[in-house]
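For reference, the structures are reproduced in the following blocks.
Both of the next two complexes hold chain A, though its partner changes from chain B to chain C.
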Partner chain A sequence: MEILSLLGDGMVLSLQPLNLLLIIVGVTVGLFIGAMPGLGSVNGVAILLPITFLVPPGSAIIFLAAIYYGAMYGGAISSVTLGIPGASTAVATTFDGRPLALQGKAGLALVAAAVASFVGGTVANILFTAFAPLLASVALSFGPPEIFALMLLAFATFVGLGGDDIPKTILSICMGLVFAAIGFDQVSGAPRLILFDINGFLKGINFLVLAIGVYGIGEMIWTIYSTRGEITTTKAEISVGQIWRDIKEVGQRGWKGTAIGSFLGFFVGILPAAGATPGSLMSYGVAKMVSRKPDEFGKGHPGGVCAPEAANNSASTGAMLPMLTLGIPGSPTTAVLLGGMVIWGLTPGPRLFVEQTEFVWGLIGSFYVSNVFALLINLAFIPLFIWMLRMPFTILAPLIFVLSVIGGYAALRDMFDIWLLLVFGFGAFFLRRFDYPLAPAVLAIVLGPIAEPTLRQSLLLSSGDPSIFFTRPISGPIMVIAIILILLPLAKFLRQNKPA
Partner chain B sequence: MRLGEIITAAILALLAIYLMWKSTSLEIGYIRGEGPGGGFWPFWLSFIMLLSTGWIAVNWWRGTSPPSQSDEPVLDAYGWKMLVFVGGGIAAFVALIPIISMYGAICLFLIYYLKFLGRHSWFVTLALSIGLPIVFFFFEGAMRITMPTGMSFTEPVFNLLYDIIY
Partner chain C sequence: MTITRRLMVLASAAAVGFAGMVGAAHAFEPKKPIDFVIMAGPGGGADQIARFLQSVAEKKDMTSRPLVPNNKGGGSGAEALIALSTTNDPDHTILVTLNSFFTTPLRQPNLGIDIQTFTPVAMMAVDPFVLWVHKDSGITTFEQWLETVKAAGGEYVMGGTGKGQEDSIVIAFMSDAFGFKVKYIPYDGGGAVAKDLAGQQIMATVNNPAEAKGFYEAGDFVPLLAFSDERIPGIDVPTMKEKGHDFSYYNQRAVVGAPGMSDDAAAYYQKLFADIYNTEEWQGYMESESLSPLWMNPDEQRAYWETQVANHKALLAAMGE
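Our next item is the complex of A and B:
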């Protein structure tokens, strides 16, 4: 009952005029950002983070969470209409969304995405409300060894479950962690890793520089290069009657995919560093596996749209749980949100639920409100989004470049960081060309300042004995799981290389 | 792509070695009573980076990674052209900011991109390249974040504009 009372208070708070306005604006902006090829929730949240300094922290996080929510809905739009995912979280949506559009059923695909996203978001909100305080109370007993073990698990999840090239993933993580160490040693205060003796590195590398460089500049150059200006659009006809018929069809053919995506997405989303992309891909795979007609998947099955879309919305809410309760982001977007919370003077972690009750429950309440508004705005604006996506890419791209530079400067107010942002952008383009995953580097630069001190504090506590991580009741099992996840691909590699 | 992948791995290996060397300016071992030294964390992470590049090189040699199996060039003619015109345009945009101000640079960049790369009409080009800096200027006023105003010759213009928003 206490939870329901707190949730009620939170919903009242999120319905206050300023917060409600921010939710509507955030969801709408998020829908547009998510629908734009080359831009995802992480870009939107990173680029618009500086705007939130205008409002109180509680309203700021509601605004950013609404953008995150809206982007999860919007990601499907360009996957269906353009055949290119609006964000990595909508990659799986392309598999069946695009064939549906090519069959003249773009409306069905878009409605399936919207309805599944709503159901996924609602299921995740209920699970979040039920489990967040429980996990928060467990998390109160976490010390430096436990937190470091969780950090290791976050990186291990990327290595073991990420699906990308393993050595390139490891390199990406380590590079992000080393970049996070540039500046001053947190313990001794001595300058550290001042690359090429350039004074600009003395203040370290802000995670926003890397995030906007990679996602704002790098991804956009990549999109220009990979699409070669040959983005084809599909006309989608939407009317109220057609939407109703599509909803009924989604109910009949997409319910199983929606259910799988809603639950699987949430639990994958909770895993540190897993996030919505693996959640949506896994849900698509499971939905196909359990379908009576798996052959129809990939050729235009509504279930193939519902599963990943329910999952990416559900996972996006799930990823908020470890971020708020443990201070560990479950996705690149929550990593940027985490950075924002630190800037606003809030410390995510177990104490947040005790010390900032209004903030936490206001945010949770806003999830419910955002979900309803996201569905309504999405359905109402589908024709408009399709029109917007017909905006020539030669207008969209320079606008995003300008926004990236302004966003980077507004946050840091230093030209050195803008140059660094460009270096990261061009570097990201080339690394992506060679299949280096870059999301782990962004996560690592956010987690680095947490991981390093907890490792050093733990080793100081144990006088340098690393067994401290394995002998404590919470950190021990987490370390074992993390090590197994790291060793899995290594074992696979060795097995493949075993002499005949 | 095949040659490009090993060259990229070699560059990253050199970066890892450089980072290891820079890390040694602080203690990389355990200091009694103080815990691990300041260089411990970046040194060993850079070492893992170096090992990863070795692993990438093994995969390249065995031809198991997609780029190592590809005969495509890293960038074809379109890619180089795109990089020079788009990437060069962005670099020029950033270089112009300290000279002609953020707004002047945005205006010129948009004219360049929309008219010369996008081949849009002068109406669309001028509407966006003049309209957008105006929108951002009011954004600056609302945010109270001063954007770069360029060299001193832009001062009279900005004095006038700041009287409007502040």
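Our next item is the complex of A and C:
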């Protein structure tokens, strides 16, 4: 009961005229920042942080959280319409969002993204409101072995997918892991795999550069190759009636993905090591695995849009939890928000939740309000985004190229990344030509940098004894499930290929 | 020896002062946004400080063009050092540093970085280190802690930001001075270390006060020993010096300019950060985050770099790095 009255106060606070205005402006700005390839919520929040000195801290954080929220919705837009991931959190959305758009169902994909984002955000808000302190202790009980077990489970869901060629999937994962290993070794600090002694490799390969290269440039080359330069436009119609029919279709075909994304995304989001990008990729993998028609994933299944979109919104709320209850950022964006709190004169940490109730509950209340406005504003803009798609491909292709290059540069502002982007684009085209699935490589480059240090930390803890993963109460069961998931399809594969 | 060095410092200070006066005739003003490179990833101590400095400049409208924070934490800051060395616009590129400014070029000689080519701007503060344990360990004094660590026979687990990093230097000094061994688990930032101490995945850490402050105030972390010259206000624990070892260790919170920065631009940034240093906001931040003031002019900074490089060379050599 006490929680409900605190939440009620918080919502009243976030509905005050100034705060409401900040929410609407923040969500809209976030939507467009998220939609710009290469710029994600972290850039938006960092750029606009100084503006927040003009308003009291409680309103400032509401504004920044609204941008954060809006960006999670916006990331899906360029993933669907242009095939370029708008932000790292929306990479998984391209897997099915882009094929849907090419089939003339961009409206369905965008509606699926908006509705799933709303559901994911709402589920996360309710979980957050009801269980925040309890969940904080769950997050703390995840040490290196538990996080590693979870990462292995994520890989297992990608290997364990029906339909894909398993050796090619594993090769694709291995390729991603090699890319992830480039740069400095986190444990020893020594440079690793600095190919051709090029200094640009020292900083490692940025995940967004790979994703934009593969999905922006690679996809564009593929389309040119497969249409042989014919002038084509994508059919794209939208009307209020169509949006309504799309919402119904999302309800029928996307509910499972949405549910998985909402809960799994939130849980992965509260773990400080993970965040929204791993959360959305894992949710995609699980949604595909439990689907009755896993073959349709990757070819334009609404569930493949719903799962990552529900997850990235849910995870972004989840990432606020360790920030507010422990003072530890769960994602790069919350790290910037934490910096903001210090500047506003608040001390982040375990006491914030107890001592600054008005600040904390005003923020939580604003999550609910932001979520509603983000949904409405997003739906209102869908016709505009659909209209962009009506451009002939001869105009769209250069646009995609330019936006990809800008996006690749914006991530780290390094010219070297542009060359990498082009290499990845052409590489992806050839791999696709030979039927290699690329999603597992993208997954590996996101999860590799989490899995590798936690594996090594765990083995340092146990002096090299791998049983540490099986004897701890949380990591043990996760490891067993992961291993079963990896072995099942391998067994199936071996049986099928047995010499007659 | 000391006298000649002082004389040299004085002479060069006078020369710089003169150059500054001449330069004032064509005062430098930034013509485009200033690339404000941070030698660490988002969220850690260095990042928080950089964003605080940026926000003070922004709030007081101290620069005609904005400072744009740019995290380049890769390879213990090697990424940032290379970015500054290779920039084609040294007049608009400055760097927020920590001690990896000294250690990374020493540990990675193949990078070809000579920090004396960088341009001194401002020493904003130095950040002390404190030894922390979790309250559930029941340990309240350094002596109890030593006993526990020695009794564990090498199984005592400490976490930090990696071998060769600031905290590992402190831990290496302690294990050498008191003759114990620990398991050292590396993490990618001070925040992650604090989280795993709070979750008791590790047993003790050496962290800057700012990174452990929230948990300390909530009563979860217990400080045992400070590695500062004097006791730290607000964290009332003995220092290593009180325990009879002449050892103190600080993380520098300094701003430096890119190699090849023009004298006019250097003078501009030196004045800018001196102004920020004197604001109420920065003075208040130093107090609340337990930073120690250590203001230096540019020549003193260069001399400080020299002694720090020598110190770190010895410390790293002692660690077998």
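By our rule, the second predicted complex is superposed on the first by the 279 of 500 C-alpha atoms of A that agree within 3 Å, B and C clash if a C-alpha of one lies under 4 Å from a C-alpha of the other, contacts with A are read in each partner's own complex, and residues count from 1 in each chain.
We adopt the following convention: a contact is a pair of C-beta atoms (placed from the backbone, for glycine too) under 8 Å apart; a residue touches a chain by one contact, two chains touch by 3 or more.
Since we're looking at a predicted model, the values are computed, not measured.
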Could you tell me if A:187 is touching chain B, chain C, both of them or neither one (first, second, both, neither)?
-> both
Can A:342 be said to touch chain B (first), chain C (second), both, or neither?
-> second
Who does A:418 touch here: chain B (first), chain C (second), both, or neither?
-> first
A:460 contacts which: chain B (first), chain C (second), both, neither?
-> both
Can A:244 be said to touch chain B (first), chain C (second), both, or neither?
-> neither
When the two structures are overlaid on chain A, which partner does A:46 contact: first (chain B), second (chain C), both, or neither?
-> second
Pick one for A:398: touches chain B only (first), chain C only (second), both, or neither.
-> first
Intersection of chain A residues contacting chain B with those contacting chain C?
-> 50, 53, 187-188, 413, 457, 460
Within their complex, chain C touches chain A through residues 42-43, 47-48, 51-52, 54-55, 58-59, 66, 69-70, 72, 74-76, 78-79, 82-83, 86, 107-108, 157, 162-165, 183-188, 191-192, 194-196, 198-201, 213-215, 217-218, 220, 288
What residues on chain B touch chain A, complex-wise?
-> 1, 4-5, 8, 12, 19, 22-23, 25-26, 30, 34-36, 38-42, 45-46, 48-49, 52-53, 55-56, 59, 62, 65-67, 74-75, 78-79, 82-83, 86-87, 90-91, 93-94, 97-98, 102, 106, 109-110, 113-114, 117-120, 124, 128, 132, 136, 139, 142-143, 145-148
Spell out the residues on chain A that touch chain C in their complex, using ranges where they run on.
-> 42, 46, 49-50, 53, 139-144, 183-184, 186-189, 191, 199, 202-204, 272-273, 322, 326-329, 332, 335-336, 338-340, 342-343, 347-352, 412-414, 453, 457, 460-461, 463
Going by the contact rule at the top, pick out the chain A residues touching chain B in the complex.
-> 50-51, 53-54, 165-168, 170-171, 174-175, 177-178, 181, 185, 187-188, 190, 192-195, 217, 221, 224-225, 228, 392, 394-395, 397-399, 401-402, 405-406, 409-410, 413, 415, 418-419, 422, 425-426, 430-431, 433-435, 452, 455-457, 459-460, 464, 493, 497
